[in-house]
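Please read the structure below before turning to the comments.
Labels A, B, C and D are assigned to the chains in the order they are written; within every chain, residues are numbered from 1.
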């Protein structure tokens, strides 16, 4: 049997438990909404404007660098699994692989993109 | 056991949906979403061919991983382009970028 | 019909439905979240294909990174929360026609191909996919060049994207 | 085989027999038994989670020289149940303009992402939950779902604080996932597998902590940042962002975020102990009985959790810019350098005796850590000189 079926069961149970808890809160809790209560919280004063705020492009850069290293890890995990059986050449390949990417990290850092301006 | 045709049909349908998205949406980010769907459809095909061919030959999975890398690069540069265009022209609608048209 | 086939049909149906919602949602954040659902469905399809590593990678790369990148990009390029105006361009019917024709063409082509109804052989016991993948990715006879080129590609993408997102006017 | 040696299998076989006796077919009864097993595990986790609230409050009280909850029941043990009743009978509010579906889905996903980690956690030699060969990466995959739930909560609340808090939290989580990925490769290199049970089995002679103390330290730092706990808790730095992404949540939905965070901390304690401290192993004691193995694992997980709490209640909050620079410029290169050095030493010392292997690994860790600290020290000295002016530093040297 496919072992992922068990993971699926974990997912189902992992969803049932919080849904049940939230449902219990929904059933037993009072429901007396009023316009002031439904206002979004802004430290007690009336909300000003929309929730949309101008974001820094830095957020994009963080996600971008993460994406690149994430994909890198996808390549490196099979490499790490097999490493014990491979010779020193595989280690050298890995070092080349990582150092090429570190150049990118250094570039982003030198450009001041990793700082929170 | 699921026949190979099911996977290929599924991938073809996903690819067509992505194609529709890439051709018909006005927002550039949405166009990239469509491209993502198309790349995923290709990956489904690659992995399916790996499974239904010679399993010891990992070519299908290796190609799929390369496609992951390509998809990541495509999204990173594509969205950076969108952000750059938005800063210069204050729009993300593909049709409004008609500087090269006459 | 076996249980596996039923699971596949449900997953495939849900995946395609959320795929349709990706390309038709007015709200781009919703579209990105539907993309997450679609990609998760594709990950389940990978597990049905016994490619567990691909499924996990799909979740890690697409949901963990690419979807987040999309949401950040949407937040960075919007003037207000609400979406106004048409989401589809004036030639959307041509796009739809192209999509239907592509699907029809692919389907017709695949039907005439001999290998369609092929069924998969059992995966030999003790076959470690990930170790095999690692061996082939680093073997000079196999895919070591794509392995290193992928690194260069990612470097190029990172440098290019950092430059594009940050060039001051 | 008896109940004492393999309780799960005995119970499962007995139950399956009962179900088949009721006229069910075998596959259905097997799936049902597995479902019940998973349900039982998750329920036990939730009960532990309830007591984690009590443990957390007692421990923080000790750190701050207080007594902590002591009114309800012996040692205040009934207190967490009172907390739960309070959460249940609170009104469940949804702010205007919130995206209802996404808003309600976010706490469920948050809890689910934590519970799913336990699918790959081996709690005893015979209780392997699911024997996945991608265990280490599965951890990151569930983390991805957690990240998504935070961004969903922040966006759907239609609240400025929630949105900014959610975005900051996500920026931190994705940033610190990179050194975590690199340190996850270190046990993978040692054991030649990503399977959690194989990683534990490989720690036969030496715990990986001895082979890679620096790796364990980096993993712990990344895990704390991933949890969004102090000193990396600025997403909900109360003085700036109210409660971060969970600002608008009330009642049990907030409870899910809160319980999820506590359970996540315990889970990371458990993962830490599996990756670097031998999981359920303790000098052969785990062979005596699976029940003892569970206790050992739980003790190790709680010890890891205690370390995380210790850090939380000792350190001050770090500013977000310092934190991200620390990660990208220091921790990420260090983690990758350590991973590559480990790979290199592993290839060089493959045929050496276990003692030489262990010594070489340990020393290479010390050397990498020492070089990193020296570089960091010289950089920070330069920074300080830039800020304070040279003369003050010179004075300090006298």
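In the analysis below, a residue touches a chain if its C-beta (ideal position, glycine included) is under 8 Å from a C-beta of that chain, and two chains touch if they have at least 3 such contacts.
Here the structure is a predicted model, which means the values were calculated and not measured.
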By C-alpha centres, the chain nearest the middle of everything shown is A
Of all chains, the one whose CA centroid lies most distant from that of chain D is B
The chain pair with the larger count of contacting C-beta pairs, comparing A-C against C-D, is A-C
Dist(centroid_CA(chain A), centroid_CA(chain C)) in Å evaluates to 18
Separation of the C-alpha centres, chain C versus chain D, in whole Å, is 29
Separation of the C-alpha centres, chain B versus chain D, in whole Å, is 34
Between the Cα centroids of chain B and chain C the separation in whole angstrom comes to 6
Each of the following residues of chain B touches two or more other chains, namely 65, 68-69, 72, 75-76, 79-80, 83
Residues of chain D that touch two or more other chains sit at 27, 132, 137, 140, 158, 167, 170, 174, 177, 192, 194
Contacts with two or more other chains occur in chain C at residues 4, 48, 50, 52-53, 57, 60-61, 64-66, 68-69, 72-73, 75-76, 78, 81, 128-131, 133, 137, 150, 154, 157-158, 161-162, 165
Among line, ring, star, complete and other, the chain touch graph is other
Pairwise touch list, complete, is A-B, A-C, A-D, B-C, C-D
Listed in rising order, chain C residues that touch chain A in their complex are 4, 44, 47-48, 50, 52-53, 55, 57, 60-61, 64-66, 68-69, 72-73, 75-76, 78, 80-81, 128, 130-131, 133-135, 137-138, 140, 144, 147-148, 150-152, 154-155, 157-159, 161-163, 165-166
Chain A partner, complex, touching residues on chain B are 65, 68-69, 72, 75-76, 79-80, 83
Chain A residues touching chain D in their complex are 1, 3, 5-7, 9-15, 17-19, 21-22, 24-26, 28-33, 35, 37-43, 47, 51-53, 55, 58-59, 62-63, 65-66, 69-70, 73, 76-77, 80-88, 90-91, 94-95, 98, 102, 105, 108-109, 114-116
Chain C contacts chain B in the complex at 2, 4-5, 8, 12, 15-16, 19-20, 22-23, 28, 31-32, 35, 38-39, 42, 45-46, 48-51, 53-54, 57-58, 61-62, 65-66, 69-70, 73-74, 76-78, 85-89, 91-92, 94-96, 98-100, 102-103, 106-107, 110, 115-121, 123-124, 127, 129, 132-133, 136-137, 142-143, 146, 150, 153-154, 156-158, 160-162, 164-165, 167, 169
Note: in the complex, chain D contacts chain A through residues 27, 30-31, 34-35, 38-39, 42-43, 46, 87-97, 104, 107-108, 110-116, 118-119, 129-132, 136-137, 140, 157-164, 167, 170-171, 174-175, 177-178, 181-182, 185, 188-189, 192-194, 242, 247-248, 251-253, 255-256, 320-321, 324-325, 328-329, 332-333, 336, 339-340, 343-344, 346-348, 350
